[in-house]
Every structure is written in structure tokens, then in C-alpha cells.
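Each in C-alpha cells, the structures are laid out below.
Each of the next two complexes has subunit A plus one more chain, namely subunit B in the first and subunit C in the second.
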Partner chain A sequence: MNSLIILAALGLIILFSEIFNFKKIIFPIVFAGIIAAIVAALGDWNNSASYFNNMIRTDNYAVSFSVLILFITLLWFVMSSSMFEDQETRTDYFSLIVFSLIGALVMVSFTNLIMLFLGIEILSISMYALAGSKKDNLASNEAAMKYFLLGAFTTGFLLFGIALVYGITGSFNTDQISEYIMSTGHSSSPVLIAGILLILTALTFKIAAAPFHFWAPDVYQGAPTPVTAFMSSVVKTAAIASFLRLFGSAFAGPSEFWIATLWVISAITIVLGNILAVYQTNLKRMLAYSSISHAGYMIMSVIALNEKAASSLLFYTAAYGISSLAAFMVLLIVSSKSGTEEISGLRGMFSKNPIMASAACIAVLSLAGIPPLAGFFAKYYIFSAALQSGYTGLVLIAVAGSLVGVFYYFRIIINIFESNVQMNDLGVNVFNKAFLLICSLLALLFGILPGLIIDAI
Partner chain B sequence: MIYYKEKCRFDNSQNKAGQAKKIDKMGAGSMILLILCGVAFSAGGIILSRILSRSSYNPQKGQTYECGVPTIGKSLVQLNVGYYLFALLFLIFDVELVFLYPWAVVVKQVGWPALIEVLVFLFILFLGFLYAHKKGALKWM
Partner chain C sequence: MMLMVWLIPLLPLLGFLFIGLLQKKLEGTSAGWIGSLTVLASFVLSLLLFFLHSGSSDEYTLFEWINLGVLSIPFSLMIDQLSLIMMLIVTGVGFLIHVYSIGYMKGDDGFARFFSYLNLFIFFMLILVMGSNFLLMFVGWEGVGLCSYLLIGFWFKTPEYNAAANKAFIMNRIGDLGFLLGILLIISTFGSLDYNSVFSSAASMPDNQPQIIAITLLLLIGAAGKSAQIPLYTWLPDAMAGPTPVSALIHAATMVTAGIYMVVRSNVLYSIAPDTLFIVAVLGTATAVFAATIALAQNDIKKVLAYSTVSQLGFMFAALGAGAYTTAIFHVTTHAFFKALLFLAAGSVIHAMGGEQDIRKMGGLKKNLPVTFTVFAIGTLAIAGIPPLAGFFSKDEILAHVWVEYKYLFVALALASVFTAVYMFRLFFLTFYGDFRGSQRQKEHLHESPGIMTTPLVILAILSAFGGFLGMPEIFSDKHIIGSFLQPVLAYPSQLILSKPSHAFEWSLISVFAILLLIIILYTYRKFVSNKNIPLEDGSVKGLSRVLMNKYYVDELYDYLVVKPAFFIGRTFHSLVEKSIIDRTVNSIKPILISTSGMLRRIQTGGIGFYIFIMVFSIIAILAYNLLIS
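Moving on to the complex of A and B:
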């Protein structure tokens, strides 16, 4: 709870910095503010309390995902420092990012459907603006427009779903909703089913799962690379965490029909995301499709819905967030130096930039799920959670999907190690090298000691 | 936080309780009826006006309605749309008013804390206004 207040104050301080002209030193202030928010969030550990008339509860689930989101944002700030170089716009971007973090934290700690809606909106509206932050770039404008129109449309779905659920249960509170459904046995009421499916549609749109994934490749490709990295790590983590929180608490009672729906969505997402990624030549677009397929794996934890679901999802989002940040960092450096976002732009990277090339390889191998990296154990825990609940067929599809995934991830590695072409020295600065090193070490560390995260909740 | 499936299988014997009946009546039938009524309402208006209205075709009908004399030259010229910034700033005061009305209703019961809270709220809104001013949103271009 204190972390929310700290972030809100931090956002206001950023606005102050524009008014009173101390925006030159705003970067360390933001950094310190987010570290303070992490500390404040950790203070709520094992100390569950409700705030705002039972609208937010800081249980261990909320705390662990809040800390993960804030930590990934810290790493993201290191990665995207190039975005904040322009003095004209830096306060805009800083405040939008911090305000979107408030939305993300609300999304992982809500106990009230209105709070869920509010969190999604706070997060989304900042992202719409950030996606279009390259004002003179047509692709960026297109990305913002597409994201905004489709996002606003699905928000309507979410609200309609919430209204229908409220109509049946008479409450916005997730505990009361589940209590009501269980005590009266209204799980077969068509209005309730329609409401739950509408909410499910809206949330699967936010995590870009098929068949609601069409916006993702265009938006991911058009938005500035740091914003894309933020969307694919922080936003995706917050959305899937709120998904599990809502469907694991409020709608856990009538689970048969929406699990059947999610089963199909997850299978389609894994198959479609992986197969379409094979055909991409643009690295950014390929990472977009890979993030779609990862959304499919993440949904498997919601389908499993057992005591392993939350911890395996936390591990998966952590592993995926770190690896995808590293991958986007490599893309950012290469595209800013060579001006191309094609996979062929990576050719021969190893000879002159060995540190960056190895970091890229570790990130990509972790995304593909090769042991002993974090990505392997992330998939392992998610699959074992799904197997425990008896979804063998889905796990078979997922394993086949990740085999396809290995194919296109290895194409990146083949390009990096190509010896015929010589790439120039990219002149990576110390900060970026340190960032890549930290990401690689974390991917290794979580792979060797998965208990660090998996036993946390 | 999370209820698991095993716990959540509700007892079917409770299902037979009479209180369930009332809401079950607003089930699939009424949903479909609502959708049909919605479609019929909007489609009916269009169809009815088609049937009832007399159709006439003259060149005047294709003209822009009541918009002055015919234009000289192209009407597709570039306009400065800078005024939208003022409209956006107006939103700040709009939001302020929306919250001040319910505040005014309860301020007497709540007392001093309400005054302080609304001052904090106004301060944050004012900060946003100041930020926009600093960014040059109020300059006429």
C-alpha cells in the first residue's frame, strides 16, 4: 500500500521537476523512488491488510508481483536511458511510466472489480500515449491509434462483463462474488456466464492471446523499442497476474466452462504465435509473435488453477521479463547503430562484440527454454502445474509449440555466429554492458536456483 | 487469496433451494430478448423512416446543409487545430466540477477532513494545469 503512495508522490515530484526546473537530476530521483517503493512493498510481506473499503488487499500474491514489476521497471530504466535524453519530453515519459506503474500495482492487488477496471485503465492510457511517443514517425502514430481504438473497444467488453456479473451477484468484491456463487449455486446462470466470458475476452486482449492478438505485432513493431520492451514485460506481467487473481478467486467456482474456453485459447495462442514467428524477418515483429506465444504458456497457469499456479506464474513472468528485456536491449543497440531491425542485421556480431553476442544468446536460449537457464524451469513449473490438474493434452501441444519456438530462436543465434560477415564494433557503453551482464546473470541464477522465486509464495 | 477447485465444487443439494429461482428467470431468455429488442429498436427506426418518408431526388439535396454560399476554390485547406489544447485543459476543470458536486453534498457531515481532502485534490489538479502551462500549452501559435 505504501508503495502505491510513494509512486503517486513520485509522479507528482516529476511534474514538479518540470515546473521548478530540476529535471536534470530527475533520473536518480526516479530510481531512488522506485527502490523505496520496492522496500515499502516488501514491508507488506506476510502482513496482509485491506485498504480503501476492501478494494485493495496487499497479500503475498500482490506483494510478490508488485516487487517483480517494480524490479523489472528498474532494469527497464537502465535499458531505455536513451529514451529520456531529450530534455523537452523526458518529464512526460517519466511521469507516464510512473503513473502506469501505479496502474500495474493496482491490477495485481485488487479485490474489487472496479479497482481492476481502474488499474487497467491507468496502465492502458499511459501506454497509448507512450506507444505514440515518436511523434514524427508514422508507424509509431499508427501503433498508438490501433492500440487506443482496440483497447478502448475491449474496455467496453470488460465493463459490460463487470456489469453483468454485478447484476447476478450484487457485488463488486471478488470474495463476495465467489461466496455468492458458491452458496447459491448460480454457476449455470447464462447472464453470469456471459459476464465472465466478456471479462475473459477483455483480459485475453490485454495479454495479447489469440484470437485477440492481431493488434500486438503492429503495435509492438511501431512503438519505440523501449516502450515495446515495457509492454512485453511489465504490462504483460500485470495483465496475466490480474487474470489469475480474478479467475482464481472470484470465478473459481463455476470454472468448468471458462477453463474449456481458456484451454482452446491457450492452445491456439501457443501454436499460432510460434508458427507465425517462424515466418518473420523483422526481429522486433518476431519478438512480438514470440511474446504472443509466451502469453499462451502463461495462460496455462490460470487453467491449472491449483496451489502451484501462482508460484509458477511468478517464476515464468520473472524469467520471461528479464530475458525479453535483454533481447530488446540487443535489438535497441543494433537498430540504433545500423538502422535496421531485420534479423540479418545481427550477422557476425560475435567477432567484434563478444559480450553483447553472448548476452543475446543467453537471453534467446532462455526464451526458447533451454536448460540450465531460467526459461527452461519456467516452462517446467508451468507444465507440471498443468499436468497436476490433468491437462496432458494441452501440455503436449505446448511442448510441440516450444519445439517450433526453438527453430526461430536458433535462427537468431545462427545469425550472430555467422563468420562470413564482419560486423563493426558497436561501441556499447559500460551501462549497457552492465545491464546485459545483469540480465544474463539473473537468467543463469534463476535457472540454477529456481527455489529463490518458486518458494516465495 | 486463491480458492482452488477442490474447495469450490459447490454442493448440488443447496442448488435446489428456492431462492435460486428468482434470478434464474432472468436467464438466457431475457438476454436474447434484450438483444432482439435492441436490434429491433434500431433497425425498426431505419426501416420505418424508409417506408414513411417520401423520397425525392433533386440536386439541392446533395448540397451541404445550410452552410452558406458555395465555396470559392478548394475547401480542403490546412487549418491550425491548436485550439484542441484548450479543450484538453478545459477537461481539468471539468473533472474538478464532477468531483466538487458530490463533495458539496457531504461536506457538512464530514467536516474539516473533507475540506483538507478536497484541497489536496485541487492542488494535484492545479499542478497538472501548471505543468501544461510550463509546457507552453497556453501559448497561441
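Moving on to the complex of A and C:
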């Protein structure tokens, strides 16, 4: 709970820094603030309590995802320092990011549908603005516009769904909704099911799963790369965590009415995301499709709906977040030096930039799910959770999808190790090298010692 | 305590990382000193732990490593008498060899790389002996195998050395497969890999259960691979391609004894599988005799010592087969002292000879290398079993136990013991006595090694001379230090009460051997020194010696029976299965994938109107399906 207050205060301080003119030191302040928020969140560990008239609960699920989100943001700040170079706009971006974090934290700790809605909106509105933060870039503007229009459209469905659920159950509180559904025979009421399904589609949109994924490739490609990285790591983690929190508690009772739908969504997302990624020659767009396919794997934890779901999802989002940040970092460095976002722009990276090339390989291998990296155990835990609940068919589709994934992920590695072409030394600075090193080590650590995270919840 | 225990393996690992990452920046011999100091620190900690140890078996869990619901494997270390002894040997002998290597490897291009590998080896070896479950032992097992591979092929610019490294790796893989299958069978039988739980549930089982026999045999395959027993021993002599300190540390003192450690650690399993124990004894005895005969006809100083190691490992397995686990560990300890000493002394000789390893080109080195000569003499006396040096006590104990259990194997093992004395004195006299037979340049180059190399030699010589007092037979002393120390590890000795040989037998064994040794010394001295009977050139050797010199043509046999057929199968599968079936299938999927991708790509039009249309359409479809159809 305190972490929310700290973040809110931090956001205000950032805005004040513009007025009182201490924006030069804003970077360390933000850093310290987020670390303080992590510490505050950890203070709630095993110390579940409800706040704001039962609208938020800091149970271990909320704490572990909050810490993960804050930690990934911390890493993200290191990689995206280039975004904050412009003195004119830096305070705006900083505050937008911090406010979006508030939304993310609310999304993983809500116990009330209104809070879920608020969290999603706080996060989304910040992201609409950030997607268009390159004001003089047409693609960036287009991305913001698209994201906003489609997002606003989906918000309508989300609200409609919440209203329908409220209409039947008479409550916004997830515990009361669950209790109501279980105690009365209303679980098969068409209005309730329609409400649940509308909420489901809205959340599916947020994590960019098919067939509500169309915004993702265009927005991911158009938005500035650091923002894309933020969307594909932090935003996705918050969205899927809120998904599982809601459907694993309030709507777990009438699961037979939505699980088949989600099964199809997951399967289509995995297949479509992976197959479409194959064709891409643009690295950023390829990562966007890969991120769509990962949303498909993540949904499998919601479908599994057993005691392993939460821990496997936490592991997956952690592994995915770290590896995708590293991949976006490499993209950011290469594109800023050579001006191209094509995969062919990575050619011959290894000979002159061995550290970056190795980090890129580790990130890509982890995304592809190759042992002993984090991505392998992430997939393993999610798949085994799904198998435990009996979804063998879905796991088979997911494994086939992963195989297709290897095809396009390895193309990156082939390009990196191409020996005919020599890339110049890109002069990666120490900061970035350290970041890449940390990401690689974490990917290795989680892969060798998966127990560290999986036993957390 | 926890921290101390964890620091022991951690320090060499940190040393490895530090030296490995900064190898280009470290100047002079600093990498060597850093490497040596980390191992020294581990040794001091092990020593402290040894004195603080209360006598119980303690586990130190760092974290839950693998948790699969049905099987949980913690990452934890175990401190008991057995692991303590092994830790002391690994870090103690390891430290001496590290220091020696600073002198030996000085000026080599890969100086820092060498020490980073050595430190990594110490780390894995410590994990092997300190782990508290079979999986951690396997981690260490594979790790030391990797380091052994890297160090055998250390001078990777020479193709034959790489071939030797590959051979060691592949031979070990065969053994590792057995070990791995054994581990899997342990999981399916006991549902755990933890030593304590496996052994406590095994203790209540009746003898010779089929699955216990299977487990012990599979583990034995692993042990035979790592500890170079028949039929997997051929890699060890070839492994001499590595720098000599490596031969001393990995291929004599520590890694190759991992198989013996493994059997002793699982003594509960072996004790309820007497049938396996018999196989162990036969295998060990056969290896001891077989390798000793080959050593009789080798002319490379390191090859003789390598076959001697194989033979001595055979002795240890024979002891294990007789159920004398503590005796095996006793011999591991004394062997670590005198074999490390012999290898390092041989390294000193090679160093002085400018890389020459052929004993036919040596001779008379006594004058020029006085320290090396003295310590080599002590090592030779120790391994040959001259009382009261270290080898005497441990070998005598092995022979006595084998006599009690298997009388006919005793005869063969005694023969191997006689051969040991013969090939060692042959080596010793040819190297240090007589006239110098090398080139004039080599003669002028002859010099004693620097102090940094001779100091470890002297320490090891002292240990080789007095190490035997750790385990004196009953006729001399009623206290067998190692035996009584290790007793708690042998958790269920009641199942296998070792009957002790009579004192009369002990006396006759000692006296007969003493006389035999004296005869052998006189005979070899006359033959190689007085009569200057130098071994012939390779081409002119005839008869049995030729067979022995060519190591019974086992390498050729394996090449014919295994390597060539394996390559043939590989080629066949490559052309038939891979090229025509797998490649074709995969290659035909690729265009389908790309064209599907290209087609599907078109729905991503970029137009918001279309996106919203699809979204609305999907929502309607979802609602219709759930509300109307189902």
C-alpha cells in the first residue's frame, strides 16, 4: 500500500521539479523513489491487508507482481536513458511513467472492479501519451492515435461488462461477486456471462491477444523504442496479472462459460503471433509479434486455473520481461547508431561488439525457450500447469508454436554471427553494457536456479 | 558455520571468475598466486571445519533447487567424515600443485587460463564431494569432466592433444550415461536423491534386490569411466597430453578417485548387493594386473605413471569389492600423496630435460637433480610398498582384506603388487642411474627446478613417507586412525562385518613381501644399472614385450569394434535419415510457413476501421457462441 503512496508522491515531486527547477537531479530521485517503493511493497509480504474500503488488498500475489513490475521498471530506466535526454520534455515523461506505474500496481492488487477499471485507465492514458511522445515523428503520432481510438473503444466494453456483472451480483467487490455467484444459482444467467465475456475481451485487448491484437504491431512499431519496451514488459505484466487476479477469483466459479473461449483465444494468439513473426524483416515489428505470441502462452496460466497458475505466471512474466528488455536494448543501440530497425542491421555484430552480441543471443534464446535460460523454465512451468489441468491439446499447440518461434528467433542469431559482413564497433557505453550484462545474468540465474522465483508465492 | 561451509567451494569459483575474466590484464605470475591463495583459503577452512566437526553428519541447505512436486532437490552441502577427508585431499594436494604450477607453467602463453581452469576444477571437485545428493554429485562429476577435457587439450594447437581430450571426454560420457541412468533408477526406486533418505530406506531392504543390483551396476559403470577401470580405462594414459601438474592433480590425485568416493558414499547400496561387490572386486583386480603389465613395457615416463595410476585405482576397487570401504579411502589418501609426488617429480625431470619424456634418453639424473631424485626415490619406495612408507600400509591392508574375501583374487592382486615394484624401479633406475643418454644440448641444460617447484615436492615427500601411519595394521597399533574416523559414514556395518585376517597371516604377508621387494630391487638394479640393459627402440621389440608396449592393442581393438562401426552408423544415418527424411521435411515446411505468414500478414491492413470491424465481429461471435449455441 505504501508503495502506491510513494509513487504518487514521486509523480508530484517530478512535476514540481519543473517549477522549482531541480530537474537536473530528477533521475536519481526517480531511481531512489522506485527503490523505496520496492522496499515498501516488500514490507507487505505475508502481511495481507485491505485498504480503501476493501478496494485494494496487498496479498502476496499483489506484492510479488508489484515488486516484479517495479524492478522491471528500474531496469527499464537504465535502458531508456536516451529518452530522457531532452531537457524540455523529460519531466513530462518521467511523471507519465511513474503515474502509469500507479495504474499497474492498482491493477495487480485490486479487489474491486472499479479499481480494476481505474488502474487500467491510469495506465492506458499515460501510455497513449507516451506512444506519441516523438511529436515530430508521423509514425509515433499515428501509433498514439490508433492506440487511443482502439483503447477507448475497448474501455467501453470493459465498462459495459462491469455494469452487467454489477447488475446481476449487486457488487463491485470481487469476493462478494464470487460469493454471490457460488451461493446462488445465478451462475448461468446470460447477463452475467455476457458481462464476464465483455470484461474478458477488454482484458484480452490489453495484453494484445488475438483477435484483439491488431493494434499491437502498428503501435509497437510506431512508438519510440523505449516506450515499446515498456509496453511489452511492464504493461503486459500488469495486464495479464490483473487478468489472472480477476478470473482466478471472482469468475473462477462459472469458469465453464469462459474457459473454452479463452482456450481458442490462446491457441489463435500463439499460432498467429508466431507465424506472422516469421515474415517480418523489421526487428521491432518482429518483436511485436513475438510479444503477441508470448501473451498467448501467458493466457495458458489463466486457463490452467490451478494452484500453480500464479507462480508460473510470475516466473513467465519475469523471464519474458527481462529478456525482452534486453532485446529491445540491443535494437535501441543498433537503430540509434545505424538508423535501421531491420534484422539485417544486426549482421556481423559479434566480431566487434562481443558483449552486446552475446547478450542479444542470451535474450533471444531465452525468448525462444532454450535451456538453461529463464525462458525455458518459464514455458516449462506454464505448460506443466496447463497439463495438470488437462489441457494437453493446448500444450501441443503451444509447443508447436514454440518450434516456429525458434525459426525466427534463430534468424537473429544467424545474422549476429554472420562473418562475411563486419559491423563497426558501436561503442556501447558502460551503462548499457552493464545493463545487458545484468539482464543476461538474470536470465541465466533464473534458468539455473528456477526455485528462486517459483517458490516465491 | 553455514557461511564457512559455503565459502569452501565458493572461493575457488570466485578465483576462476576473477582470473578467467581478467586473464589478459593479470601480469606475470599474479594469476597463479591468486589461484593458489583461493585454494589455500579453502584448505584452511576445511581444516578448521575438520577440527570443529562434532562427528555428526550435517547438511547445509542454501536453497530449494528443483521442486517438481514429486521430487524436491535442495542445493545443499553435506559435511561428514567422508566429505571432510576428500575436501582435505582436494584442497591440500590441490594447493601444493597450484604452487608447483606457478613454476612449471611460467612463461606459458595460457598461464592465466591454466589457473582459471585449475580453480574451476577445484570448485567442481568440491561440489562433487560435498554435495548432499546424487544430483549435486553429478553436477560436480560433469564439471570435473569438463575441466579435465579443457586441461588435457590445454595446448590446443597440437591436434593429437585435442584428440586425447576428445577421447577422455567421450569415454567419460559412456560412464556418465551409466551414472545418469543409475540416478534415474534411484529416483524411481526411492523417490528421492538425498543421500540420507535413499540410504535409510535402502538399509531395510533385503540383499540382492534386482533394482538395487541394477542401480549399483549402473553407478559402477559411471565409476569405471571416471576412475579408469576396464573397459573404459584407455582415456587415462592418453590424458597425459595435458600439462604435468594436471596429470598430478586431476589424473592421479583427485578426479580419478571420484569413482571410489562414489562407491564409498553409496556403501549402503553396495553392501546390500553382494553380487555387485563381487563384480567390483573382479573388475578392480583385473584392471590392477592388466595395467601393471602394460606399465612394465612403457618408455614414456608419464605413460608408466599413468598405467600405474590405472593399476592403483584397480587396487582401490578390489578393496571396495571386498567391502573394505575405509581401506579404499585410505589408499586414495596415500595414493594422492605419492602419485602426486611422482607426477610432479616427473614434471621436474621433464622440465630439466627440456620437454623430453622418453626414459631411454635419460639416465644419471641423480647428480643434476638431487632434490628431485630424493623425492622420486621416496615416491617409488612408497608406491612399491616398502615399509614403513605410506603405500606399504594401505596396500598391505587391501591385500589382507581381499585375502579374507576372495582367496583366488588375492593371488592376482599380489602379482600386480609385485609388478608395481618392478615397473617403478625400472623407471627409477633408468631415469636417475647410469649414464646420461640424451643429446649434448640437453646435458648442458640439465638443472634442478626452482624452489617454488621443489617445495611442494618436499612436502608431498614427507606426506608420502609418513602418511601410512594414518592406518596401521593391528599387529603394530590398535588404532586405525582413518578407519575409526570413517566408521560413522559406514552407517550399517552390521550387515557386512569384515572378518579380519589373522596376525600370523599379516606377519607372513609383510615378511614375504619385504623379501620379494628386496629381490626385485636387486634384480632391476642389476639389469638396468649394472648391465646397462636399456629398452630397445620401438621397432626392434619382439614377442610379449611388443604386445605389452602396444598396450595389448586395446586401442586398435576399440577402434575396430566401436569407433569404426559408430562412424559407419553415423554416416549412414546422415545420408539416409537426416538428409533425405528430416532435412526434406523441415525444408518443405519452411516455404509453407513463409507463404502462410505472407498471406496472413495482409489482414494487418493498418486501417483502424478494419480493426474495429474485426474486433466487433469477434465479440459478437464470442457472445453468440457462449450465449446462443452452447
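We take it that the second predicted complex is superposed on the first by the 457 of 457 C-alpha atoms of A that agree within 3 Å, B and C clash if a C-alpha of one lies under 4 Å from a C-alpha of the other, contacts with A are read in each partner's own complex, and residues count from 1 in each chain.
The working rule: a contact is a pair of C-beta atoms (placed from the backbone, for glycine too) under 8 Å apart; a residue touches a chain by one contact, two chains touch by 3 or more.
Model, not experiment: these values are computed from the prediction.
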| item | value |
| --- | --- |
| Which of subunit B and subunit C A:212 touches, first, second, both or neither | second |
| Touched partner set for A:272, first subunit B, second subunit C, both or neither | second |
| First, second, both or neither for A:249, with subunit B first and subunit C second | first |
| Which superposed partner A:393 touches (first subunit B, second subunit C, both, neither) | neither |
| Contacts of A:157 with subunit B and subunit C, given as first, second, both or neither | second |
| First, second, both or neither for A:12, with subunit B first and subunit C second | first |
| Touched partner set for A:190, first subunit B, second subunit C, both or neither | both |
| Subunit B versus subunit C as contact partner of A:371, first or second or both or neither | neither |
| Partner chain in contact with A:449 - subunit B first, subunit C second, else both or neither | second |
| Residues on subunit A lying within both footprints (that of subunit B and that of subunit C) | 190, 194 |
| Of subunit A, residues touching subunit B in the complex | 12, 15-16, 18-19, 57, 59-62, 91, 168, 178, 181-187, 189-191, 194, 244-245, 248-249, 252-253, 255, 305-307, 309-310, 389 |
| Of subunit C, residues touching subunit A in the complex | 63-67, 75, 590, 593-594, 596-598, 600-601, 604, 606, 608, 611-612, 614-615, 618-619, 622-623, 625-627, 630 |
| In the complex, subunit B residues that touch subunit A | 1-5, 8, 10-12, 14-15, 17, 19-20, 23-24, 26-28, 31, 124, 127-128, 130-131, 134-135 |
| Residues on subunit A engaged by subunit C in the complex (per definition of touch) | 146, 149-150, 153-154, 157, 190, 193-194, 197-198, 200-201, 205, 211-212, 214-215, 217-218, 257-258, 260-261, 272, 275-279, 404, 407, 449-452, 454-455 |
